[in-house]
């Protein structure tokens, strides 16, 4: 069954290339150059990296996939692997599945090909990269590899050279010349091999295409949403977003503070937001755990904040460099007491721009905490995509104007949102409080005040009109996949493949995880007889969450697998087709 | 419907007495004395207190209930109210429901009787306590009240005097003499009123009865379970448990540290437990929020710890002095990543002894974190109960002996529990780690190691035999109430009342909340057509949790109400009888 | 700390007199509120009464000052005998269970300090008008002292603060 | 009477919320001083924000008429720093207790001192956790055995707020007594005028759990050292080390550049988007 | 060579786990010194526990042959304190980085100093967050602009570990350089022999993110002050304040009672239960 499926997969017009090497082989550099060059030639693509535990000189792999349409996930297997050496290959070999049709170009100087690779049945071709590079002044094996790939995939040599020259320009002329010579040598070597894997080229111009990572996309979305204050504490895999934001906030009239810890980060943004400035913090699991008390304060004091959790493998320090969706529970339920808040998640890298913009908007409009769940896979992958559309939102923080008589900060209103006086507003001072309070904000232990304020804080989220953004719903048919976050890419591809096999499947990729739009979800599930819930967790967190809130059809299955490897479209397709096709 | 029910309730043989006063009136002292005296005379009883926001001199109420069997919850209304004054009575008047048959003895010097009390239809009897007390040297109004209650309820004057003399002995002879004179005066005044509320007296001797609070019971259970190290940071309503434990740990060869914060507390107990000493921390919601990262480390590093969360009103700082069950979510789901752990909750004050003993045992046997959910209602109420039985557990921490070859701390075993080498054991040193690791404990990012260790940590909890302790299951019938924690008392009484009305109802009071014993629960629900899920939350946390894990019968209702007032047996009975009787 | 003796102009003197009364009013109001909050109504009432007296006196000073331009002094720039105004009393002398007698004793001490403050000015100020005015004020404060002392005798000698038999509340 | 227009009477800075503080609590004196200082500085209430954590002392914001945030235990300085960074135009005053500031909040205290943002931090030090019923705080003497939680004392050297502020880099350090609101107000004015992080440790008695502190009024005295305030950290350290903690006055004042956000050339978001183009 | 039986060679204290540290990292020197110090003290490995947080430096426990706990970021001192309190018989050494110890872990540092438990704390200070790719740490100079996170520097005064340890109450304070493992080992021996909380700040270069620290070997020198080590806190403060942070040596040693658990008369749990009887 699975094998039959694998065969079909080959027909998809995409090319997956893995570059593997250790000790400063420069695979990531080649990967980036390749992505850029292919993009310039008109391909869409995606690259992620996998690395060993060392900070420098460790083993690493650049994992790329190209297609004639935006790529949202890794493929099922790699068409081409270029290996400089195999040191500690066991650390990521699981992440590079091969088919019998795959080609593995390996430098014989890099040692014996590992057993799992041999057993895959892939074609193994020894290619001397190291020694060839040595013959060239300023030559490096990775540039030989770049030449090899470009000729095999039919990339324009001119584009490659331009890309390389631009990116190496600071290193000096000699380096550039050496690199170009290597590329040519590699290209020649490539032409002599009988492998052809022409790069899929998309129609249309490339003017409106972007190259962006998920971390950057989140950062951009936050800026577009209006965030002008960020406090954060470095943590993998979120630090890069903070690093991207720091200078750009300074340039847009905002400010970023590196806080002493995550407790400070979340409280700093509470302060900034109380001051009227949309504010955000960015972290990953361990930092998230330290922030929940502050998030609870945001909820209780109705101070808008955005918290991005770029998820990594857990529990505890876990696997900082790998992806997982296992912070769903803490994001939904991690606060003590009743602390209703919003949880959203981008369904793709470019969607991160929109989702963050929306998240800021929701936080401001609803005066609550919005948690955004990104993950390492989205955050640290780089894609070539169409420029994400500009979206304008109208709702904004409801503020109180000077001179309102008898101002009540936590007044009970029809929509549960009450006007917030921003410090500086004359005669409207009030004290924000995390103690339960009455409408004025004065602490109260009365059951009436408690119930009213609980209802207010929960009601404003439930009653809000989230429009169509709550989920990406596509297709029809009587089978549906319900998924979220970075799994969406693989699910989409699986659905396309199932469709090609005559099995139409609906997609429901939730962008709004909490509050769950149960009515809309039920509607989207109308007429569905079979549901597959797809997520990257061990304990089926998402599946259990859905169960807790809605009645799923009897025939509901869960496809859950923990990290570190992402789910492949193939395994999802297989599960979809079982008993159907 | 509800009214009819209220009438029936009166036939229950219990007496509820509320004492109300402000500004150092001494209502808590009288409450305690009354409880003790009634206990000495042979009654069972329960007392809780409610107070205003001031630290001293505020308004407070002592709320008591007596019966001829152990009392596990407040009644539906109060038979007798003694009010020294009505200052800020609105702050807790909701907590003192009255029936038309109730008697309210109030000091006319204390101001007008508040409207809601008047409207209850209760009999209002002015009684001069203040002025009477002034006539007696060292006289105090609260002792007049004690005399009043004792004559109305038929308590032996002799017992009262003995109790008072003992408890006031440190204050000097004059004070004792004054108090006794007041009691006599009060008793005389009481006899002149035509009210009779004879105290229900239980059969049998009082030798084997205890007076204990929930905080003390938890502390005792922990000591009995073997806890010999506690670190904690003061927080309402948990501090008293720490205060009870501190000297007693020192006396049992253990040690308690007041930590600088909750982050330190949880990490300190990790250190102690790593050193082989069963260890625990105690906190409430806000502190719990700060501990989840440490709890995750306990799970990942497989270091046994016990964390007690004495729940209070939330979110954020919330309502520190009032009870709620709203930390269920954070206890179940508050950790980032996949961090399977155990959550238990005592179903009554005396059960706290057992539950804590069990909790320590589970933590040690399973090498994981055990969270215990107590709440303000259990913790700060004082009861007269039968001495809780002694329970001996056999399972203990599996430790590694010196000289094991090739020791693997995180070895995969049949039951998922691997031997832990305690520092000091020769040649067995290892490094505990919160990073994902292989069997030896060496950090690993491999998908195989990750999956194996995830399965190990989850599997050991699922596979464990929790015996009958997972829940208190009682009765049969086709209706069942599923509940937990402090709601159990009121539910039990409601079930008894429903039974008296010819409607048999099953009780399923969960003691083990996670992992949920789904099989046992399904079995306990066999033949049930209607389920009522009872909890003290706003968002129905418990109900949603159950849904997420098991298929509940179609006819499942949820009775959820947030704090601060506890659920009353009457409202539960009413819900049970709707459409049944 | 500077000395009351140096108060040299009528405007300066009146500024002091006004501040003395105003601070006293504010303090008594605050204390009355605190007693109110802590349900010691009797003492709360007494403090309110004291505040009322202060208000009357402040109004008198205001009348006297009508038309003149009083200097604006920072709280720490006044020439009191101590660092604090004479009629504010020490927070530490307050207890929520204090008896009316103790409250009156607190007030007497305040009045005495005022009396002495004015007395110092009356006998030492270089300015005659000031000396004369201060003398009158001192006289008036002395009368308050006598009045309050009479109240104390009337109230009896119950000065022992009762124990609060109940433990403090834990509030968080 | 008051010749200046606008709000400049201390009572104009008080709210109508009645303190829950025990009568006799030192925190009343601090509230009193805050209102006096704000009145002296003629600060419009809407331009002042008073931020606190949790504890008896931390209740202070609601009792004033300025903007307030009664946050969570130990995090007031972080909240205040975020507010000040985002709204440099506001006057930010942070206030709280010794437990809030030196126990759970100790880390933020260290880093606030280092960062030297232009704000004022007032700690009402009663050497006890008032709100949670009288446990030892970091400033409590090690042999204080009145708390059941530490029945034989804390066994730990008391936290020395001024010495630590100095080592951490605070640029204005003072100690005061709540029983002298006028002097305290004067010190607050200096602190608020000081460009940078100004820290005032206010000895503020808790008569309920530390009745012996009623004696403080007879013990506190001004620093008997002419050299203070100094701008020499070594000298300040010397006097902090030598003092018994009961001397009051401004100890240390340093002119160090105040934390400020980096001002880069402003650009539009559209310009930033350019970087993603191929 | 070694006349004593059993484990007393430095290499006997090394495990077979290979460090992930970059070649050239100063932390190798610290590991080297730890094994030398343990060998010198002839400490049986099973009686030593090495506790750490998260960071490159915090990886050290697994590279030794003693009991280890690689905990979570910033909490090593708390974990170590719990272990020491529960198991006073063990030798507890806590180790980590400047980020771990002074940024997120700053509060535990303060309170560990105060508490004066009998343990040793080694901070490998490279003035940077190595593990997360080179951000500024509390000890980083304010004008260091190499991190994208703080492109115009941190604007904050560097954290002064020795001065803060002193103000907080540490009873043994020293500074060392990882490039001199023998000297460092000697200092560690003194620290471990010191009864109470002993703190060593080890300047430990990060060639990857702070290549300029390769120069440290030419800059560090012993304190040029005869008076050190001193037991006079004022004098120690003076020298801490005057030094540029690059002088090495033991700075301060104080004989103060060590934290110890209260020993009360032992009773059985059954006796405790008596108190609940009516």
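Note that the chains take the letters A, B, C, D and E in the order they are written out, and that residue 1 is the start of every chain.
The definition used in the following text is that a residue touches a chain if its C-beta (ideal position, glycine included) is under 8 Å from a C-beta of that chain, and two chains touch if they have at least 3 such contacts.
Values in this document were obtained by computation on a predicted structure and should not be read as measured data.
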Task: Touching both chain B and chain D (chains) - done: A, C, E
Open item on the list: Let me check something: if the centre of a chain is the mean of its CA atoms, which chain is farthest from chain C?
Closed with: A
Task: Approximate Å spacing (C-alpha centroids) for the pair chain A, chain B - done: 44
Task: Inter-chain centre distance, chain C versus chain D - centres from mean C-alpha coordinates, in Å - done: 29
TODO: Return the distance between the CA-based centres of chain A and chain C, expressed in whole Å.
DONE: 68
- [ ] For chain C, jot down the residues that touch at least 2 other chains.
- [x] 37-38, 40, 96, 167-168, 170-172
TODO: Scan chain B for residues touching two or more other chains and write them down.
DONE: 53-58, 235-236, 239, 247, 250, 260-261, 263, 286, 293, 296-297, 301, 316-317, 320-321, 433-435, 443
Open item on the list: Show the residues in chain D shared as contacts by 2 or more other chains, in ascending order.
Closed with: 20-23, 54, 56, 72, 74, 103-104, 106-107, 110-111, 131-133, 138, 151-152, 208, 262, 264
Open item on the list: Let me make sure I understand the interfaces: which chain pairs count as touching?
Closed with: A-B, A-D, A-E, B-C, B-D, B-E, C-D, D-E
Open item on the list: Per the contact definition, I'd like the list of chain B residues that touch chain C in the complex.
Closed with: 22-29, 51-60, 85, 87-88, 140, 142, 171, 235-237, 239-240, 312, 317, 320-321
TODO: Using the touch rule from the top, collect the residues of chain D that touch chain B in their complex.
DONE: 20-23, 54, 56, 72-74, 103-104, 106, 129-133, 135-136, 138, 147-152, 154, 208
Task: In the complex, chain A residues that touch chain D - done: 36, 39-40, 206-207, 209-212, 216, 220, 223-224, 228-229, 231, 247-248, 250-253, 255, 257, 259-261, 263-265, 267-277, 279, 293-294, 296-297, 301, 384, 387, 421, 423-435, 441-443
- [ ] Show which residues of chain B lie in contact with chain A when the two form their complex.
- [x] 53, 90-91, 94, 263, 285-286, 288-290, 292-293, 296-297, 299-301, 309, 313-322, 324, 326-327, 329-330, 332-340, 433-436, 443, 445-448, 450-451, 454, 458, 537-539, 541, 544-545, 547-549, 562-565
Task: Sites on chain B touched by chain D in the complex - done: 53-58, 232-236, 239, 242-244, 246-247, 250, 256, 258, 260-262, 286, 316-317
